[in-house]
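Structures incoming, each one as structure tokens.
Look at the two complexes coming up: subunit A is in both, with subunit B in one and subunit C in the other.
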Partner chain A sequence: MTKIENNRAWWLVLPVFLMVAFNALLPLMTVVNYSVQETFGNNEFFWSGTTWFQQLLHDDQFHDSLKRQIVFTAVILAIEIPLGLAIALCMPRSGRWVSVCLVLLALPLLVPWNVVGSMWNIMALPDIGLLGKGLNALGIPYNYTRQPISAWFTVVLMDVWHWTSLVVLLCYAGLVAIPDAYYQAAKVDGAKPWAVFRYIQLPKLKHVLTIAILLRFMDSFMIYTEVIVLTGGGPGSTTKFLSIDLVQKALGGFDLGPAAAFSIVYFLIILFLSWLFYTLMMREEAK
Partner chain B sequence: MAEIRIENLRHSYMANPRGEDDYALKRLSLTWQDGGAYALLGPSGCGKTTLLNLISGLLTPTVGTISFNGRDVSRASPEERNIAQVFQFPVIYDTMTVYDNLAFPLRNRGVPEPDIKSRVGEIAEMLELTKTLSKRASGLTADGKQKISLGRGLVRSDVNVIMFDEPLTVIDPHLKWQLRSKLKELHLKTKRTMIYVTHDQTEALTFADQVVVMNLGEVVQSGTPVELFEKPQHTFVGHFIGSPGMNVLPCEVRGGQALYGGQAVATGNAPAASGKGRVELGVRPEFVSVAASGIPADVVRVSDAGRYRIVEARSHGHTIKLLLKEGDRVPEGKTFLAFDPSHTQVYEDGWMAGSRR
Partner chain C sequence: MRKRYVVLTVYIVFLMLPIYWLLNMSFKTTNEILGGFSAFPRDFTLDSYRTIFTDPSWYNAYINSITYVVINTVISVTLALPAAYAFSRYRFLGDKHLFFWLLSNRMAPAAVFVLPFVNLYSAVGLFDTPWAVALAHTLFNIPLAVWILEGFMSGVPKELDETAYVDGYSFPSFFIRIFLPTISAGIGVAAFFCFMFSWVEMLLAKNLTSVAAKPIVAAMTKTASTSGYELGLLAAAGVLTLIPGAIVIYFVRNYIAKGFALGRV
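What follows is the complex of A and B.
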């Protein structure tokens, strides 16, 4: 078959392109603008080339928060994806318990992020909080404002509580979409539960899992509100993730140039890693 | 391989069925010989898939028993029953190669790898899949995928029965014919008991030695394609099988003689009729002919169906269809019709007079 080239179709894409330009590309350009200039206020700018980028790449504080960020995202992905999948597999497929489960699961997703931070902040207080007082009563020394391990534990637990539901809902939707004939065929073929999971459910969930991983990766890599409310990046700077570092630089120090360079590098890291995840997970498809 | 015996089987999808209407399968007794090719034919929703799933063990019957070779398997799992089933939509394991797909049922049962290799090779040869064995199954076309599902059914040499649930639904018309003949050929080659569910009469009649016609959760007739065609036990079978379907005309029976529009019509079974209930005369268009005298009729329409013509005539306010072969004289206006007596039957309340009911 010969393919008919019709370039007029591009006009149909134009409205979307304009919208993207206004809400993404143009604001980004102002950041690019700042990142190559120096200002001392009074709206005066001086060209500074790649100075801010070079400075950032040799900035130990940036390296530390990047490392913390990567560890945090890796930890929550390693917990939330398998846990979400497991919960989705255990959920009922029909009956009235389905809606009960779905509503209960959706609740954490509906709580505003700063409220999530406050909730966990209060719950984890060692002297009055349920979690804090409970752990200490069990003889486990716990104080998230003083011990880095406690702080990390609380931040990770909070994120798991807040976002595992998203993974569950995505996986559940994927599971429900698998036609019954697959399970019936597996029964007839004598497949054991593990084989059903490995050869039917997992392959059929590939696309939703890719979406779940990408969403959770991007969101957790940009986490800010919950952590700033809960720990403020402390104790010390043990829970200071990239976004907290960035805000401190941009607003705290009012270093527009370095902060803009930071933003661009931050954006590029997320873009690159998202691309990497997507390519790795879709690699099989191309064969 | 096994003889399948079904006794007083009933099934309802409800937990506590009350009336007759709650049963998807009303009452059913059948015996299927080992090595036969059977078809379950009926309109959508008549209970044929329910029956199939009961035999395969995907459903457990509400009442009644199913036995393979005299062993009651009514409550056994599909695995214990050792059956194979091919579904309406091709089921393949996407991440596996064609070879692994075919080997899957054997691997699950712990068959040694060398045996699997020879067995899969044999089946792939039969289904003309040898060239694609190392390819990923997800890359195949719909008919290729359906061949894989078929192959998974055939690969175990000891299955009791292979069941097909409308397996050609998603196949392109020109490949349908090909796959259908392939199935018939496989049956002759492997001598397995095969049950084929369909709502397409051509598929059923070409595949099976014995066709079971179902309607509203009941078996209406079970017989060879010729029996179903020549002696439909119920007007439903007359309508459902054949194209165009059987002519069904209201009539009377008096003194062992059928009367249509006050005129005596010779039939095969009028003496057996009680004359009670709704009495009808059934004759297939193939057995109606134009005659010099007989039943008066007006020709309304003649349509060309390729190898023959379908003539529609009105007689006593009813439409009678008949078939004319190529080259036959086409009647016009007023004419007379004759029915072949040995292929004309009297039906009472839908059932053939004098039959088992």
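What follows is the complex of A and C.
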């Protein structure tokens, strides 16, 4: 659609701008302020330059949680995107079952995040949980509070349970938007199902898949509540992701400076990667 | 064809299992839970639910949560409507940068904002009120609402606006009487998403409140940590948090797929 040049449109955007500025700019200024200062309590602050940033760059704990975070995000993207796409392809296109399926699929997305954690906690208890008891009955040693492997397995399974539906719904929306004429043309040409997928469905899904990857990347990089309720970052610190590390530093340790430096680096990483996705997405759209 | 539905059914069963297990636990007595594994409640009881509905510290937590979620949804959608219209219809100074800046707030980890938000909302005297949580949640809900509404509005042909202006409508009366009814599905979807993200969030909701406005998500973590093994109660509280979600899904079920694609497929 061609848009009209009109700077008075700013009046329409102004309320949103002011509200978000109040919520975003003031806190960010506070964070930046803390990140370059040293405090010994009593609200006395001293200039400390880039000390906290240098300390962070050499902080092994930060490196470890960053590595864990990247591995976690990569694993869940590698599972959720193909699985979500596959499930969307299995969905019926029309009929009364569509609404039922959509509602059931969307249900995990509306569960409060701490309830997701509690739910999987109860599922995974080794003595009375369905998952824990089941795995142990199969002869697989499983205890998510003791074994790092079990903890990771549970956290990943929980995230797949929680968020794959988002990918399914996005892909499904993309699939139903493909006009029937495309499929009829493919039928006339005698195209195999794989060819239909590769040359008709996948190209049409590119846009929704980009949104799916972008949203899943951002949200998995910020994961906090589900994991803190399920494992608390343990056993040891094997499931301690970036947000958990940060909240421990900021609210637990009262180390304002280091926590603020951490916040800024953390936000910049997400912002940079999302900007990269966004630019690529917009370039595709412009084509 | 048959194989596809088997896969879909297996997946939906996988989605329902933890929910079933939660329901199962919520109907058990504490003795049965501690007694060991059982696939369904033997001594069916509603005690856990009874506790929640009779103890003010529990049911008030639900009321507090619903209060800030509703305030947040109303504020987010109301402010986002004109902004989304501007983004979908006009080019103006800095529009692209502004749009990306708005979206960048959707990318901000809540963990980064916890501490500054506590300072900010204490300073303006809103700490421990539903307003603090409602306003804090607009940080990520306004950008989302703008994004979704912009998608839906871009699908409405511009001829609609032009015809209305020719017919002598002023902007406000056109916007409220013609445009809003046209995109009512989009408004429903945007409201659904604001409701959803405000309802499921815990970190900010928990830390911006202490006693008076304590939300259900915070009340639940307290049960889990202090009073030990009250799994039945925890499960029942969890089951009750699923209900508002199920109700709002039902209302937008026909638009849900389009909504998740942010209105732009």
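Throughout what follows, the second predicted complex is superposed on the first by the 257 of 287 C-alpha atoms of A that agree within 3 Å, B and C clash if a C-alpha of one lies under 4 Å from a C-alpha of the other, contacts with A are read in each partner's own complex, and residues count from 1 in each chain.
In the analysis below, a contact is a pair of C-beta atoms (placed from the backbone, for glycine too) under 8 Å apart; a residue touches a chain by one contact, two chains touch by 3 or more.
Small disclaimer: the values here were computed from a predicted structure and weren't measured.
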Touched subunit A residues, subunit B compared with subunit C: C
Which superposed partner A:M91 touches (first subunit B, second subunit C, both, neither): second
Touched partner set for A:L246, first subunit B, second subunit C, both or neither: second
Subunit B versus subunit C as contact partner of A:L230, first or second or both or neither: neither
Which superposed partner A:G190 touches (first subunit B, second subunit C, both, neither): first
Partner chain in contact with A:L56 - subunit B first, subunit C second, else both or neither: neither
Touching partner for A:M19 - first (subunit B), second (subunit C), both, neither: second
Touched partner set for A:I81, first subunit B, second subunit C, both or neither: neither
Residues of subunit A contacting subunit B in one complex and subunit C in the other: none
Subunit A residues within the subunit B interface of the complex: 179, 181-182, 184-185, 187-192, 195, 199-200, 203-204, 284, 287
Contact footprint of subunit C on subunit A as seen in their complex: 1, 3-10, 12-13, 15-17, 19-20, 22-24, 26-28, 30-31, 86-87, 89-92, 99, 101-115, 118-120, 122-123, 127-130, 133, 161, 165-166, 169-170, 172-174, 176-177, 207-208, 211, 218, 221-222, 224-225, 229, 242-243, 246-247, 250-251, 256, 259, 263, 266-267, 270-271, 274-275, 278
Subunit A contact footprint on subunit C (complex, rising order): 4-5, 7-8, 11-12, 14-19, 21-22, 25, 33, 36-37, 39, 75, 79-80, 82-83, 85-93, 95, 98, 100, 102-117, 119-120, 135-136, 138-139, 142-143, 146, 154, 158, 196, 199-203, 207, 216-217, 220-221, 224, 231, 234-235, 238, 241-242, 244-246, 248-250, 253-254, 256-258, 260-262, 264-265
For the subunit B and subunit A complex, residues of the former touching the latter: 53, 56-58, 77-79, 83-85, 87-89, 91, 93-96, 104-105, 108-109, 136, 149, 152
